[in-house]
Every structure is written in structure tokens, then in C-alpha cells.
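Shared chain: chain A. Partners: chain B in the first complex, chain C in the second.
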Partner chain A sequence: MLSSTGHPFIFLLPVLAIAAFWLMAKFEKKEAGLPRRSFFERNGTPVAIYLIVAVAFWAIFMIVLPQLFMVEMSFRPKLPPIEMGGPKDLYTFENYHYFLYGSTTSNAAINWLHLKAFSLTIFASVCAALFNFALSYPLAFYMAQVAKPARVRFLLLLLIAPYWVNEILRAFAFRIIFSSSGLINKTIMAAGLVDQPIDFIGNDIALYTGLGYAYMLMMIFSLYNAIETLDHAQIEAARDLGAPWWHIHAFIVIPFAKPGIASGCTLVFMLSAGSLAAPLVLGGPRSLWFTPILYDRFFQAFNWPQGAAYAFILLLTCVSFVLLVLRLGRLNLGEIAK
Partner chain B sequence: MTAAVEIDHLTVQFGLFTAVKDVSLQIRQGEFFSFLGPSGCGKTTILRTISGFQDPSKGIIRIGGQDMQGIGPNQRPTALIFQNLALFPLMTVAENIGYGLRVRGVPKADRDRKVDELLNLIALSDQGNKKIEELSGGQKQRVAIARALAVEPKVLLLDEPLSALDLKLRQHMRNELRAIQRRVGVTFIYITHDQGEALTMSDRIAVMNRGHIEQVGNGRDVYENPETAFVAAFVGENNGFTGMVTRVADGLATVETALGTFNGVNRKSLAVGAKATLFVRPELMRFDGEGENIIDGHAADAAYEGITTHLTMKAKDSSSVVATIAGATAKAFPESGSSVRFAFTSRDATVLPA
Partner chain C sequence: MSSRSVLNVMLAFYMAVFFGFLFGPLIIMGVSAFNTSTYPQVYPIEGFTLSWFDKLLSDRDMVYGMKNSLWIGMWVVLLSVPLGLAGAMMMNQVYHKARSFYYVIVVSPVLTPGIIIGISTVVFWRDLTTTTGSKFLYDGVFLTVLGQSSFISAYSMLMFMSRLNRFDRAQEEAGLDLGATQTQVFFHILLPFLRPAIFSSAVLAFLSSFENYNTTTFAILADKTLTTVLAGRVRQGTTPAISALAVLIIAVTVTGAIIYELVKRHEDRKRQERLDAAHKAERMELQSIENATLHA
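Then we have the complex of A and B:
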């Protein structure tokens, strides 16, 4: 998959990365301007070298290179293996063009199918994040400010235990529960609420429930961490000054927990938009989620360059969207990483 | 006139632990009232019960004559100043002070006027736009008071708000708190374990111990006429000699102790045979040997404090006896180890049940 010009680049990158981290370690001391010990003195030379080399390799091989390959691939045409690296293997925008127009060359028709699925995925992921926040906030607040430590430990266990089951198995379990002869339909029919089973899967209710549940833990932990650091006296002070409960949440707790809320929503949004198992297993016949389309580019159409282009579009959109929202909320990335 | 706050047979229990035992008390309108006691004596629990954060297990709290049962902290005419102040860090000084008014839906113009007034009162005019973190410890203190006063409470409750400040600032804030209280005329209920704070600021003090009230009175009363051995020992320094009453006459009681037989004022009319402790304040203990009651021992230490010096003597049962005397007289105190004689007059000693 590599063009011949790519090879020296690969060997140069780790060296560059190591050099960069090395310089950072050196600079750290100068920048601080204090009689502090340098990175090397603090950790000992062998450990310092190990840290620099290991982090550089991790960053290069796990993060930067795979992404770079995908980006590079997305700009190449789909060719039979024999022609790869040949005269036809030129950089092109055709894969991105396909996303917009459903054809690699013509501008005649708009690719509504993919564009719609894409926008729906982004929109539904935003909704999933907000819904998740609404669902998680009361629980996170209860655990962080109200419950006694023993109760908190018990609740945490209850929250974590279901996640020991892997994602695909959980998705199938949801499918069974939501099916027309599943537990929920049986229960509500037995209770006489409906005559006919409700098509939870066809109406995508199962999908959204599954998506909502899949990343709830990320939201709860982000919120819990943020709310837990709020001094309980602040809440009591607001109450003492006459604030009703909603006012305390809206003007004391939520502004304080804003970085945690942003970090939780960001995580849930990103993970939902990129989730594959839940849409594949729980998606109804009419559901259009972007990741299964993306998956099909790779493994049904065997068009890896196009799949790469689609993946890159999704990634870029998600990152830009998150940065925009953070900007609007006057938050920076450092704060939400706290 | 009805009492500002009436505590009627209040008991508060946490599980098996009784934090407050059957306390009854009336706090007058416009009074600066302090609860003084060691940590864990229940004073903070009383405060939280008055403010509504804690429900009484038994008994009634009345504020302005009205029973507070079932009325939440946000509905009570009280305002609490927290030990750590609990100012809102994300709001400016003005927003902090105006918070209670904002919650009550006071229009912005009125709110701003009131905030300016209060900023003036606490001598922080023009600093309303500052962030909380930009203020000094004393300024934060004053903002917390202004924030509480903004909602015009009938009663202001203060939970050791000065404990985080350094000594000089603490002494300064005592005067300031007292001055603010006089100016606004609101009833202040103050919680402290620092007797200096309680004595200098309060109109009346309730000394608490293990969930009950030992004595209520003004500062002079509590210091000079303690009703119980606990009050005598807790408020100010005191020398205590425990023994048995052997004779009672002319308002005096004779107590036989390990260090000798002493006479003191029999304030609680103890009978012969009662166990008793005779207290003598260090400043009433004489080093020049004048007085009917004499204690012999060896000089142990002279702690010079400028205006006064604390002389410590090791008595024959190796307990310490302290005499506080003016700085100049202290020069004559012998070297440690040599014999000294302390003395006190019977009128300066108090005999209380042990």
C-alpha cells in the first residue's frame, strides 16, 4: 500500500519525534526558570530515555502513522492491485467527490443517500449526547453530593458491572429485549397497554436506546468527577440565600461542572458518531447510520480509498463540531481534560 | 417583645450519638449571641438546626415567634455564614452579594442599588467587579457578610468565620463584625471555640459542653462568676484544686486538697463532705506571698509575654500552678528549681462542685 517515496519518510518520523520529545524535556527546565531539576535528573537517564522513546513510538505508530496512511489513501483512486504505484495512481479528489455526488466524475446528481445518513448520524449523535447528559446528570449529582460513600461505591459497581459484557453482546441482548416477541413487548401486551407488539427495532427506538446506554458510563464519570469537586457548602449557601433547587443546579452546579459536562458530551458524541456495533445490530431495515455505510465501503465495495475518505470526513466533521461547541461555551481543551 | 430566636427543649441525635441534649434558650432581638465550646460540643449542630439544614429530633425552634418545623433553609428568615465562607467562585463580588436578591426576583436596578449600599457598608465600593479569588482573606470575609445581609435576614448565623484568618486580621475582624452588627441591628448568632472572640464581641455567651449548655451570661459573668467547673476551666486560664469540703462558714468553704487546705467563695452553697474544685485565676494568684491561702513549691518556668509574665510553679504533687503577673514584677522570680511561695485571698477563689 506504500508508494516508494513513502519509505524514507517512515524511518525519519520516529527519529524526528524522538528529537522533538527530547527537546521538550530539555526546554522544560529552561522555561520554568526555577532551580528545579530537569526531566533527566528527576527520572534518571535510563528511565528518561525509555520514556521519550516509548512515548515517541506510541505516538507515531499508534496515532500519527495510521491516520496519515488513511488520509493519504483517501486521495488515491481505486485501482486493481497490479496498477497500484503505476502511472494511473495519481492523487485525486474523486473519493470526496463521490460522497457529494454519488459518482467519481459527474456533478449531475447529489448523493442524497450518503449525505442524509451523514447528517442524520451527526444530528442523532448530538441528541444522544444531550439525552445522555439529561439522564446521567441526576445520578452523577446524587453520587457526587448526596449519597454516602458506601452507597456511592455500590452504585459505581452497579454502573460498571454491565460494561464487563462486551459491546456486541450487549447490543444483541438489547435486540432480544426489544424484539416483537421480546420481554418489553410481552410485558406491555400482558399489561393490556397495546394489542399489537411495537416495532422498536424498525422505528430505531432500540438503536437509540442502545447508543444511549453504550456510552453512559463516560458521561457519568465525567460529570461525577466534576461535580464531586464542588464544595457542598456552596450548595447550602445558595439554598440558605433562598434559591430553589432548580436555580442551584442552573446557576451553581452546572456552571461549575461545565468542563466535565463538555468532556462527557464530547466523548459521547464522538463515540456515538463513530459507533458500529449498535447500528449494525440494532438498526432497523430503514435506519441509515453513517458508520455501516463506511464499513460497507471497506468490506462490501472493497473500496478502501473511498472508505478512508468517508472515515476522514466523519472524523474531521466531529472534531470541528466539538471545537466549535467548546468555542461557543468559552472552554478550552485543557479545561475539559482536567 | 418576642425573642428573635427561641430554642425550646431541643434535642438532636445522629444515630446513637446525641449531639444536642435538651437545650432551651432565648436569644433577644438585636443581640450578639455566641455559642462557645470545644469542638464536638454540639454548637454547630444548634446553628444548623436554626438555619434549617438539620431537623431537630425533639423540640422546637421559633424565629420571631414562628415555629420553624417543616420550613426549609431557603424559606427561613436566617442567613448563614459558613466556616469556609462558601463564596461562589465563578461570580464577581457584586454577583455574589446580589445572589439572594436575584433568587427572589428583585429587579436589576433595585438589586444594583442594594449591592452598592452593601459594598459601601463593608468598605469595598468600586470593587464589585472583582473576582472572588482577587480578594484578600479579610475582604472575602466582608463579602460573605454582605451577601448574607443582602437578603435582610432577621438573624445572621456565623459558623466560626474567623478561624481561617491569621491572628492580627482576626482581631481586626472582631471589631469590624461588632461594628457591622451595631450598624445593621440584626441579631447575630456566633459559633466559636475561641473564648477571646466570644468575650470581646458578644452581648451574651452560652458555654456548651457535650451537647448541653453549662452557663448563659455576659462575658464578665461567664469569666468572673463561672457556674460550673467546666466553665471555670474552659473560659480563660484557671488553676483548679480538687478535694473535699470540710467546713462552711460566712459564704466561704474550706476545701482540703492535695496541696493544702484552702478557703474560697462557696457560690454553689456546697455542704460539708461534697467533692469540690477550688479555682483561682492566674492573675489573682500572688507571687509576693500576700493572702490567707499559701502554696509552696519550686519555680519551674517564667514565660515572658511583654505586658505580663506567666510564672509556673511545680507544687509538691508535681502539678503546675500558674500565676500571671505584670512584666516588671517578674524580674524577681527565682531561678528554676529554687523554692517559691504563691498565695491568694479567699475572696478571689471560687469553690464549685467537681
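Then we have the complex of A and C:
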């Protein structure tokens, strides 16, 4: 096994990447054959320096290196600080092995608890994306193609307003509604429908409702931006040619708005799968969700390498989801990340 | 005609359901902030009180967290607006075959769960500050600013990109032809053109930072912000003081939204006036040329 002293190597990667970029730029200039203005001439020296420093710092120290360090850590064993870098500090798959087969609470051969929570998280997040799409599409279409500009402006303000209240408070609002002495239970008990309060939090109804609510804005905006650029004349033409209303949506609006639909679904999926506030506030004692487990790796088990491995698993899942959506919709990333 | 009115009724019903779902929970929470009952509830109303606001403002951790959040928000604005601008200006200048690679890297924070950004920021800076012996940089506020800015910069980059797409290169050429240096063009032509985008991305950056929880809860380490204090309070139990906080935040942001809207309208009006003046001048000039040719 390799000893885990990979840090110098990780630091070297971005340097190599930048060197490659620089060489490509040189090469391009030679190939073009024309006297092109250099980067410094084009921007002026002070601005050019600002651009290079800012982008390099952002891309390398804030985006790439942190991710690489996290991935590297996920392949290391959990050791007391004194033994780090020592002979026991070897790269290992034990953290990933634990996700699949380990358990501290039962003797089962497979880590059912974590795997179940993981698959449930993925499934529920996909459902949240679909639910948000179904609920938001009519409003997005109405705003983008039917309503007058003044009304659209007003509706946009109305839509944004709730999302200025932070995630925890939004989840808290659902807790007030769903808890055993909350609004719904009081109402149905007063109406004599039940005589015991229903445990909405224990059986996860509150959690799923809260998640369905939490990221609707992302869906609305993605859909609205996409449908807005559709020329209304196309819809008129289809209508004049006798297309029924559902044909117009299925064969004109939805194919046209595909990038917006893809970006909305990706964002909602990613935000739901990675959400921490809703499960913490609305989850019951037996709720299964992946992020609280991940959180506990750090703050209860104090096993950072294992937490890093779990985080990397979540990241890979989100990346796969994005790639899947891109492949299904035959899109490229530039079209959905707007 | 009747199918039209059926459609209208359906639309109204759908709108009612939609906005009911959107605002219902917030209204219920808002009302519970003024009810005397110790459990946040809307019904029955036991009496009107403002004591929950008092309780909230005498909560030391909450006030400390609030101050910290404002402080972090300010730094995030100061960091992520310039980074976003640089990222957007770089986009057209990167070697074209490497452009999609560059794009994937700088957009990836938008598509990465916030919790992962927080974790990776802490892991990286813990190692870096230990190995370089600069342990004083391993500080909750510093890490939170960096972690939040990594994706907030990407938001503002996307806003700058859409504004830069509408930039008329001829303006830059005109400036250069008249003898300005590239640096002067940047400060006197490009930045004024980008002003609306700078304003909107600053507002967005501050709000995203202020309400962020997923990244902050890891990056803040042992320190506190409003959202982390709030999460702790909510887990301990439900009290109407939390509803009172929501009411305060809604009040502040609605005021902010109204101010934002007014400023935007004012700018739009000023722009329209300038455009009108320019058109008028152009018309008069055309007129005079026409007159001159007629007389000739």
C-alpha cells in the first residue's frame, strides 16, 4: 500500500493544469499566425493581473484544492493526530467498505441502515424534483406566455418573498403545522375525525412536505426563464392549425423548455439530496436521511475520513444525476447552468 | 366562451392552491409570534403579546449570531462580486478548447451540495494551516466567508456573464480610438455599464450568505452565526420566539425588497430619460442635415 503523503502531488496538479493552459494559449497564437494582442495588452496590465489573481485564487484555493483534499482524506484511516503521517497512515478503502458492509448497531453483513437512508434520500429527491415540476409548470407557463408584464413583475416579487426567510425557519413553519399539538392535529381533533393526534413527524409526512416546499423557487425560475424565450407566434400557429392544448405543451413548449426543465430538476434534486435543515428540523427520531448521518460522522463519531468518504459518495451521486439528465435530454452543461 | 371561463376558474383555483401552499406556512408562523400561548400556535388565540420579541432580543447567542452573520455577509459581498466579475471576464478569453473545462470548474460549486463545500473547505484549510504553521487562519469566520464565496461567486459570475453578453464592443473601441488606455476603458466604460449587475449580485450575495446553513454549519467551526444558533434552538424545542425572529426577518427583507424595487425603477426612469434626450438630439441633427441638403 502507498503511504499517504500525497499532498505535494495534489498541490502540483493545479500548477500543471495552469501550465497546460498557458502552453495552449501560446500554441494558439502561433497557429493563428496573426499578430494577436496578448492577454496583458488586451486588458491593460492592472486589470490583467486582477483577472489572473482572482480567477486563480477562486478556482484553485476555493474550488479545486478543497475537493481534492476531501477526496484524498476519504482514503485515509482514522488515526489520532500523533500517528498521522506515521507508518499506520496508509491509503485504504475502509471508509467506503464501512458504508457498504460495516455497522456498529447490528451484526448484519451489510450496512442496511446507511444504504437504506442513502437510497431513500435519492428516491425522495427525485420525487421532490418531479413534484416541483408538476406544480410549477402551469404557473411558469402562465407568467412567461400569458400574463401581462406588470402582473409578471408582481408575481415574481410574491414568489421570491418566502425564500428570503431562511431554510430553517421555513422548516420550522412546517413543524408548527404538523407537530402533535400543531394546527392540523388540533383541527382534525376538534372536528372529531380522530381522537389521538397523528404523528406526522414520526412517519415523515412533515419531512416530505417540507422538502417539496423548500426549493420550489429554483424550479419556477428555471422554467420561467426557458419558456419566456419561446416566441408566442409558434403557439398561435399551432393553435390556428388546430392543435389541441395538450399537443401544444407536449410538442412545442416542453421540447423548447428542455434546458430549463433539466436545470430545474438538477437543482431541486441536488438541493434536496444535500439538504440538512429540513431533516434536522422535521425528521423524527427514526427518520432516514443521508445528510444527518453524514453530519454525525463529523460531530458525533469524530471520524473525519469516514465523513469525507460519505460526502464524496453524495457528490458522486449528484454528478451522476447531472450527467444522466444531460444524457437523457441530449444537452450540454452550458445550456442548463444559467 | 364558456370553455374560456372554465379555464379562468381553473386558473384561479390553481393560483389559490399554489400561493396558499407558498404563504400558508409563513402566515401561520407569523401569527403564532403574537399569540401568548407558550407553544407556537394560531388557534386558539389566547391573547396578543409582544413578549416573544423581547425574549428574542434578550437571547445573547442569537444577537451575537446575528452580528456575526452581518459581518460575514459583508465580507462575502466584498469577495464574491469581484471574483464573479473576474470569472465572467475570463470566460471569453480562455483558450477556446479549454473553455468548457474552465466553465465546468467555475460552475461546479452551483451544482455541488452546500454541505460538501463546507466539509471540503474545512478539510483543506485545516491541513494547509497546520502544514504551513499559519494556524491563526483556521478561523470560523474566515472559513465561512471562503466556503460561501466559492458558490456565491459562481452566482454572480452567471449574472455578470448575461450582462456582458449585451455589451457593445464598439464602445470599447471608441474609447481606445479616443486615446484611453485599457485600464481607463475598464473603469470608465465597462464598470459603469456593469453597474446594475454589480448592484444585483451584491444584494443576492448578501442574502445568500445571510440565510446559508449547509455550508456554514461546517465552516463556522466553534463560532456561531444566526442560522447555526437558530438550528440549535429549533432542535431544543419549539418556542414562539423563533416565530418572532421569522417575523423580523420578513419585515426587514420586505422593506429591502421595496427599496430595491424603487431604486431599480428610479434607474430605469433615468435611463429612459437619457435615451429620450439622445433620440431627440439625433432627430434634431437629422432634421438640420435634411434642411441643409434641401437648401443646397
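Following the convention adopted for this analysis, the second predicted complex is superposed on the first by the 276 of 338 C-alpha atoms of A that agree within 3 Å, B and C clash if a C-alpha of one lies under 4 Å from a C-alpha of the other, contacts with A are read in each partner's own complex, and residues count from 1 in each chain.
Here is the rule we use: a residue touches a chain if its C-beta (ideal position, glycine included) is under 8 Å from a C-beta of that chain, and two chains touch if they have at least 3 such contacts.
Quick caveat: nothing in here was measured; it's all calculated off a predicted structure.
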>> Quick one: is A:R239 in contact with chain B, with chain C, with both, or with neither? Answer first, second, both or neither.
In response: first
>> Is A:F256 touching anything from chain B or chain C once the two structures are fitted on A? First, second, both or neither.
In response: first
> Touching A:A277 in the superposition: chain B (first), chain C (second), both, neither?
Replying inline: second
>> I want to verify the contact counts: of chain B and chain C, which reaches more residues of chain A?
In response: C
> Taking the superposition as given, does A:G86 touch the first partner, chain B, the second, chain C, both, or neither?
Replying inline: neither
> Looking at the overlay, what does A:I176 touch: chain B (first), chain C (second), both, or neither?
Replying inline: second
>> Just checking: does A:D231 make contact with chain B only, chain C only, both, or neither of them? Give me first, second, both or neither.
In response: first
> Which residues would you name on chain A as touching chain B in one complex and chain C in the other?
Replying inline: none
> Can you name the residues of chain B that touch chain A in the complex?
Replying inline: 51-53, 72-75, 78-80, 82-84, 86-90, 99-100, 103-104, 147-148, 151
> Given the complex with chain C, which residues does chain A contribute to the contact?
Replying inline: 7, 20-21, 24-25, 28, 39, 41-47, 50-51, 54-55, 57-59, 61-67, 69-70, 73, 135, 138-139, 142, 157-162, 164-177, 179, 181-183, 186-187, 213, 216, 266-267, 270-271, 273-277, 280-281, 291, 294-295, 298, 304, 307-308, 311, 314-315, 318-319, 322, 332-334, 337-338
>> Under the definition above, what is the set of chain A residues touching chain B in their complex?
In response: 231, 233-234, 236-244, 247, 252, 255-256
>> Going by the contact rule set out above, which residues of chain C touch chain A in the complex?
In response: 11, 14-15, 18-19, 21-23, 25-26, 28-29, 32, 39-43, 82-83, 85-87, 89-90, 93-98, 100, 102-117, 119-121, 123-125, 127, 131, 146, 149-150, 153, 158, 162, 181-183, 185-186, 207, 210-214, 217-218, 227, 230-231, 234-235, 238, 242-243, 245-246, 249-250, 253-254, 257, 261
